[in-house]
Structure formats: C-alpha cells, structure tokens
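Shared between the two complexes below is subunit A, which has subunit B as its partner in the first and subunit C in the second.
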Partner chain A sequence: MIQSIIFYIFAALSVLLAVLVILQKNVMHSVLYLSFTILAISGVFFTLHAEFLGAVQILVYAGGIIVLYLFVIIIVNLKEIKAEKRNIFPKFFIVCISVLFLAEMIYIFFKNRISVPANADFPEFEALFEMLLSKYLIPFEIASILLLAVLIGSIIIARRKLLHDSD
Partner chain B sequence: MIPINQIIALGLIIFVIGLFGVLFRKNLMIILMAIELMLNGVNVIFAGIGYHMKSPVGSIFAIFVILMAVAEAAVGFALALSYFRQKKTYDLDEISELKG
Partner chain C sequence: MDYSLYLGQLKYLIPEAIVLVFALAAMIVHLFAKINGRRAAGILSIIGLVAAGISLIYSPLAAGEIYSETLSVDQFALYFKIIFLISGILAILLSFKFFDVEKSEPGEAYYLILLSIVGMMFAVSSVDFISFYVSFELFAILSYILAGIFKKDKRSAEAGVKYFILGTLSSALMVLGMAILVGVSGSTTYTEIAAMLADGNSKIELTGMLLLFSGLFFKLALAPFHMWTPDVYEGAPTPLVVFLSTAPKAAVFAVIIRMIYVMFGGFEMQWQIIFQVIAVITMFWGNIAALTQKNIKRMMAYSSIAHAGYIMMGLAAFGTKGNMAMMFYLFVYLFMNAAAFGLILLVQKNNGFGEYIDDMRGFARKSPLMAGGIIVLLLSLTGIPPTAGFMGKYFLFTAVVEKGMYVLAVIGALNSVISLFYYFQIGRAMFMEEAGVVEIIKDKSYYARSVITVSVIVILVIGILPGTLTKFASLSSLIK
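Coming up: the complex of A and B.
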C-alpha cells in the first residue's frame, strides 16, 4: 500500500518534470528539470525493487550526463541562440502524431491482458551480478568495447582541426 | 504489487513526451535531452517487467540501455560541438544542408 503511494508520487513527479523539460525556453532550465526527472525516475526504480538500477541511474545520469550537458552548454555562448518559430500546421501535425502514438500503444497494452511468468520470490541482490557476469558476459564485454570506441570517436569528432595548419 | 499496466503506461507516457520533444523543438540540446527521456521511458518498462517476473533480467537490460545512452550522449555532444563551431547556432533548420 505505502509502496503504491510512493510509486504514484514519483510517477506523477516524473511525468510533470518531463513535460517541463521540453517546454522551457532557456536550455539551462531544461537541464535542471532533466536532472529532477532523472532523480524522480530513479525513485520509481527504487519502488520497483530495482535498487541497483536506481543507483546506476543517479550515478551515471545525474552525475555524468547532466554534467556533460552543463559543460557543453557553458562552452557555447547562450546569447547566440535564436528564438524558434514554427508554423501552425506542423505544430498541429506533431501534436497529432504524438497523441495518436500514445493512444495506440495504450490501447494495445490495455486491450490485451499482460501476464508475465513470475518466480516464487524476489531474487537475491547477488543474482543480478551473477547473471550479468555469467549469462550476459558477452554483451557486457561488447559494451566495454562500445565505450572505448565512443571515447576515441568523440575525441576525434570534437577536436579542433589543427592538423592542416602550417605551424 | 503495482499493476503492470500502470507501470507500462508510465513508461509510455514518458516515451511519448520525449518523442514530442524530439519532433517539436528545434534546439539541438533539447532534442538530445528528449532522446534521454525516451530511453528513460523504455527503462521504466524494463524495470517494471523485471519487477513482475521477479527476475534481475529487467535490470540487466536497463543497464545496457543506460550504457547505450551514455555512448549516444557522448557522440551527440561531440557532433553538436563540431556543428556549433561551424554554424554558431543550435537551430536545426540551419543544419539542413548536406555539404560539410
């Protein structure tokens, strides 16, 4: 009962803050609301018995990605960003696409009764790591190769091209 | 137990908010943030299904999604920076030419 109440509080918070993220004019306010959204979603994870996932969410998103966003926004000059304008017809079209997609998915998921096979009891906390390092070992290692490729690739893309200078 | 329909509905709503942001905004940084919102919606659905299966598989898949989100964010920022050095703006209407 108390778990459901906490879940609903965090769910309402995350939806509200996610709406605020995409409606802000100032990019810095948007980053602020994105960090609050991330924290609210990690609260949802904690109520769903995914404690490790919630901790990773706080560490990686709120600690890593948000700081990256802040750095990138601080590097550029915010005053050079122009106000965006869009005609009324594309606006209407975009709103219709989003609403129709949501309605379709909710119709599909609520028309069919979803039943998932369940184990007897919640797993031990160690079961996640045992499964991650035995059954899902190959995706784990491939993910590390992906991170290495991202490290090298993003440096190569984002560096200033000084190689062609004479000095 | 929280009903699985409500968890999936929450994930879908967050996903659609992100989709709306990707389609509606023209600022590159806000579009990247909206993509993060979409990935978070998927993560909520994964965690909810793992919660109902009482199995750690949902958390494992969500961790892989987070890894992919980090990779996407890093490469996206690199592209955004090199783009900003050329055009001095984050407006996506200015990027609509194919010439480098």
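Coming up: the complex of A and C.
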C-alpha cells in the first residue's frame, strides 16, 4: 500500500517535472528540471524493485548526460530560447496531434491492462550482467562499434578547422 | 543455453568481421596519412568490401538461429549483404571523383561507410529486438554523420543536422513501439513475441507495431514521413547520397520483411490496407513533386520517394512473391541510383558540379556514348523494356495483381507514366538543346564514367536476361 503511494507520487512528480522542462524560457532552468525529472524516474524504478535501472538512471543520466548538456549550453552560450513564430494552423495541428496521441495511449493502456508475463521478472544484478555477456553478446559488441562510430562522428562535426583541406 | 557454441559460431560472421577489420585498418591509415595520402584509406576500404564479398560466397549459412537466437545468417540476409557491399563500393568510387574535383577530402567517409555496412549486415540478420536496435542505430547515426560530413558546403551541414534531429525523433518512436511489444510479450526474440502475439489483446500490440513501423518508414522516406528527404539529398555530398539512398533503405526493407514474416504474419488483415494507402500516397507525392524540380539532386530525391512507394507495393502484397519482387527491385534500384547521381559528377559549372537540368544542355554533343547510357538509365527508371527497371516493376505489379489489388497496380502504372515527364526533361536537355553550354569535367580519373558504364551494363543485362537474378532473389526470399 505504502509502496504504491510512493510509486504514484514519483510517477506524478516525473510527469509534472517533464512538463516544466519544456515550459521554461531559460535553458539552464530547463536542464535543472530535467535532472529533477530523471531523479523522479529513478524513484519510480526503485519502487518497482528495478534497483539496477534506478542506479543507472542516476549515474548515467543525472551524472553524465546532464553534465554534458551543461557543457554544451556553456560552450554554445545559449541564454534564452526565443519562441518560434508559427501560424495558428500549424500550432493547432501540433497540439491536436499530441493530445490525440496522449488520449490514444491512455485509452489503450487503461482499456487493456498489460499483464506482465510471469517469466518477465526483473533479473538480479548477476543474472543481468551474465545475460549481457552471454545471450546478448553480439549486441553488446555491436554497441562498442556504435560508440566508436559516434566518437569519430562527433569529432568530425565538432572540429572547427577542416583538417582535410589542402590549404 | 549452451554458450560453448559461441566460438564455433564465429565462422558465420566472417564477412562482417572482414568489413570491420578493414574499417579499423582504414581508420588507422587515415589517421597517419599525409593530407595527400588519404586516398589510401579509400582504396583499403574498397579492398575490404571486395574481400568481404568474396568471403560471403564461401562462408557457410547457419541452419538455425545462432548466438542464443539473436542472429539468423540465412540466404535472405546474404542477398541484402551483397546489396550493401556493392552500394559501398560504388559510393566510394564516386567519392574519389567528387573529392578530387572539390579539392577537399574528408577521408573519414570511407571507413564510416564500412562501419555503417557492418551495422546493416547485422541488422538484416537480427532476429531479436536488442540486436536489431543496436545495429539499426549504428547505421542510422552513421548516416546522419555521412550526410553532414562535407563541412566545406553549408548545405551539407544543414542536411546533417536536419536528418539527425528528425531521425532521432523517429528512433524514439520506434523504441517506444518496441518497448510496448516487449512489455506485452515479455521477450525480445522475434519468435517468442510471435508466439505471444497469436493470443493477445490486439489493440495494444497494434499500437506498438504502428510506432515501430513509423520509425522504420521514416528511414524509408515513405509519404507521411518523407519531409526530410529533398533537403538531405540535396545537401549531402552526391556520392554519399548514392549510399544513403540505397543501402539503408534496402536494410530497413529487409528488416520489415523479416519482422512481418516472423512476427506479424497474422496481422495481414490490419496492415494490408494501410500499406496500400501508404504506397499510393508515396508514389503520387514523389512523382508529382518531382515534376516541378529544376535541380537534379532534388528531383532524384523525390524520385527516390516514388521508388520507395513502388517497392511498398510489394510489402502490401504480403507474401513470398511480393518479397521477391521487392528484393529484385532493390538490387536494380541500387545501380539506377548510382548512375543517376554519377551523371551529376560528370558536368562542371563554376568550379563545382552542374546540379541543374539546364546544365545538361548539349551533353550529347560532347559525350554521345555517355548520353546514350543515360538514356538507357532514364528508360530503366521509368520502367520501359528492355531494362532492369521494367523487370522490377513487372514483378511488383504481378505480385500485387495476384493478390487481387488491381487498383494498386493501375495506380503504379499511372505513376510510371507521370515519371516519364520529369525523367525525360534530363534527356531532352541533353539531346535537343544547343551545344556549347555544358562543360564536362576533364580529369584523368574515370571513376564516375566507369561507375555509370558498369551500372548501365548491369541494368541492360538484367533487363534482357533477368533469369539468374530472378532465381537468386526468389531463392533468397524464402526465409528459412
């Protein structure tokens, strides 16, 4: 009982904070709210007994990605996002599509409750790591190629001087 | 599960390993090469692709699913791997010419192409959501980088950013869809999901499939998800557009065919009508928008949208016949696209390339043989015999007609007629108008010429003697 109350508090908090992220004019505030959102989501994971995911959420997202965002904001020197001027029709269209999608998801998830299959228990730490290096060995290796590719790509995109120019 | 088999199963992954090793070797060569010696990385990459092609012929096919049911190295995957390798070779050859003329050589493109081919090779043999998604992201992210790699041109940077932002959004939708499917079934393996889908509540699964297909259709530039295509194809460096418009599309079509065959075979009723509608909208949108284009790259972008629509008809046909037609068409389309974009690399204008139809004026006077080849290419793109494009469309239309979708076949034929108008604007500019305007790039390299020549010969040979490819494609289209 207490557990589900905590779960709903965290869930509501994460939605609320996520909405606040996109409503901010100041980018720094946005990032701050984003880090709170991530902490709230990790709270959701903890109440669901997915301790590993919760810890990863804090370590990787709050610890790594948010810091990265802050660096980008400092480097690019973004201060304030100016609202893009759109006509009323595209605005209306975008809002309609989003609301429709939300309504559809809510309807579907409440109409057919997902019954989690019995064998889908969240694995223990050890089992998880064992799976990563046994069943999912190939994806694990491909992920390392992916990281290499992304590393090269970000260097290409970010560097100022064109190294390949002859002049 | 017996993990001791893993080492022995490595023998099925030799082609992938060869491409990867050559990519890393090219990376190191590129790192240490002098400014003018970067070409070595490209040559090494081509050698790697050829070696992988040879090893594909000799490497064994796995009878079942390997690596704990995450990969399936079958004939179906083999067919697409050949397409990726050829696409990579043609794109690198055209890049040599492009970088020579632009006098700027981002040599990273060579090994990034190889790495993205590794991703595609794994994606087409994946039978598990996790291995599929990781390899999908590998080639997806690399295609954003490849589109924006030519930083000398501002349009290329714009193309890269646009492609990246829209592409990640579509990937996010796709992951949400996969998460729903995995949540419902409790497994990531295609076969186990298929078993759970057979007796579930269907609405939530349809939502998951819808999101999954949306993400995949974005990569294919099908009609409601095609907005990025003209800008990206116009901005990205021409030889890399050859790669981006053929190999990732073939990979995604392969993934969809496998998913439908293994997982969603029972949902024919729900999806057939949607696939038909998408095919019709895509064909009309692509062909009609191409009519007004003056820039050949932009026109070919819309034309590639239209061609994705034709190939989509094969998907709507739901079956081995349709799959075979799609695979045949994807193979042929590879050569058609390479030759069409190669044409742009032949014509000079203000120290750059002539990208507009008007720049082609008098081409036939200057280079009659090439012009003749281009006419064959245009016939093939339109779908007129005796070219491979005709055979491809013939198989697609018969697959559709056999399923009783006569209207779709008629619309497809009608669209071929529409496409005749804009393809032959190029032909008219080359033959009819006065000579002296066009300036054909004169240099010692024959990269673009040889790519066009080989492509045109392949188009003609497949058009006249389609037997071998037909047999190979229909053999490969039987998954297991």
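As a convention for this text, the second predicted complex is superposed on the first by the 146 of 167 C-alpha atoms of A that agree within 3 Å, B and C clash if a C-alpha of one lies under 4 Å from a C-alpha of the other, contacts with A are read in each partner's own complex, and residues count from 1 in each chain.
Following the convention adopted for this analysis, a contact is a pair of C-beta atoms (placed from the backbone, for glycine too) under 8 Å apart; a residue touches a chain by one contact, two chains touch by 3 or more.
What you see is a predicted model, and the numbers here were worked out from it, not measured in a lab.
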item	value
Touched partner set for A:A55, first subunit B, second subunit C, both or neither	neither
Residue contacts with subunit A in the superposition, subunit B compared against subunit C	B
Which superposed partner A:I97 touches (first subunit B, second subunit C, both, neither)	first
Which superposed partner A:I152 touches (first subunit B, second subunit C, both, neither)	second
Subunit B versus subunit C as contact partner of A:L68, first or second or both or neither	first
Contacts of A:V27 with subunit B and subunit C, given as first, second, both or neither	first
Which of subunit B and subunit C A:S4 touches, first, second, both or neither	first
Which superposed partner A:S134 touches (first subunit B, second subunit C, both, neither)	second
Touched partner set for A:V19, first subunit B, second subunit C, both or neither	first
Subunit B versus subunit C as contact partner of A:K111, first or second or both or neither	second
On subunit A, positions contacted by subunit B and by subunit C	105, 109, 114, 116-117, 119-120, 136, 139, 143, 146, 150, 153, 157
Residues on subunit A engaged by subunit C in the complex (per definition of touch)	104-105, 108-109, 111-112, 114, 116-117, 119-120, 134-139, 142-143, 145-146, 148-150, 152-153, 156-157, 162, 164-166
Complex contact set, residues of subunit B against subunit A	2, 4-10, 12-14, 16-21, 23-27, 29-30, 32-34, 36-37, 40, 43-44, 47-60, 62-64, 66-71, 73-75, 77-82, 84-85, 88-91
List of subunit A residues in touch with subunit B within their complex	3-4, 7, 11, 14-15, 18-19, 21-22, 24, 27, 30-31, 34, 37-38, 41, 44-45, 47-50, 52-53, 56-57, 60-61, 64-65, 68-69, 72-73, 75-76, 80-82, 84, 86, 91, 94-95, 97-98, 101-102, 105-106, 109-110, 114, 116-123, 127-128, 131-132, 136, 139, 143, 146-147, 150-151, 153-155, 157-158, 160
Touching residues on subunit C, where the partner in the complex is subunit A	1, 3, 6, 20, 27, 35-36, 38, 67-68, 70-71, 103-108, 112, 115-116, 118-119, 122, 128, 130-131, 133-135, 137-138, 141-142, 144-145, 148-149, 151-152, 160, 183-187, 196, 201, 203-204, 207
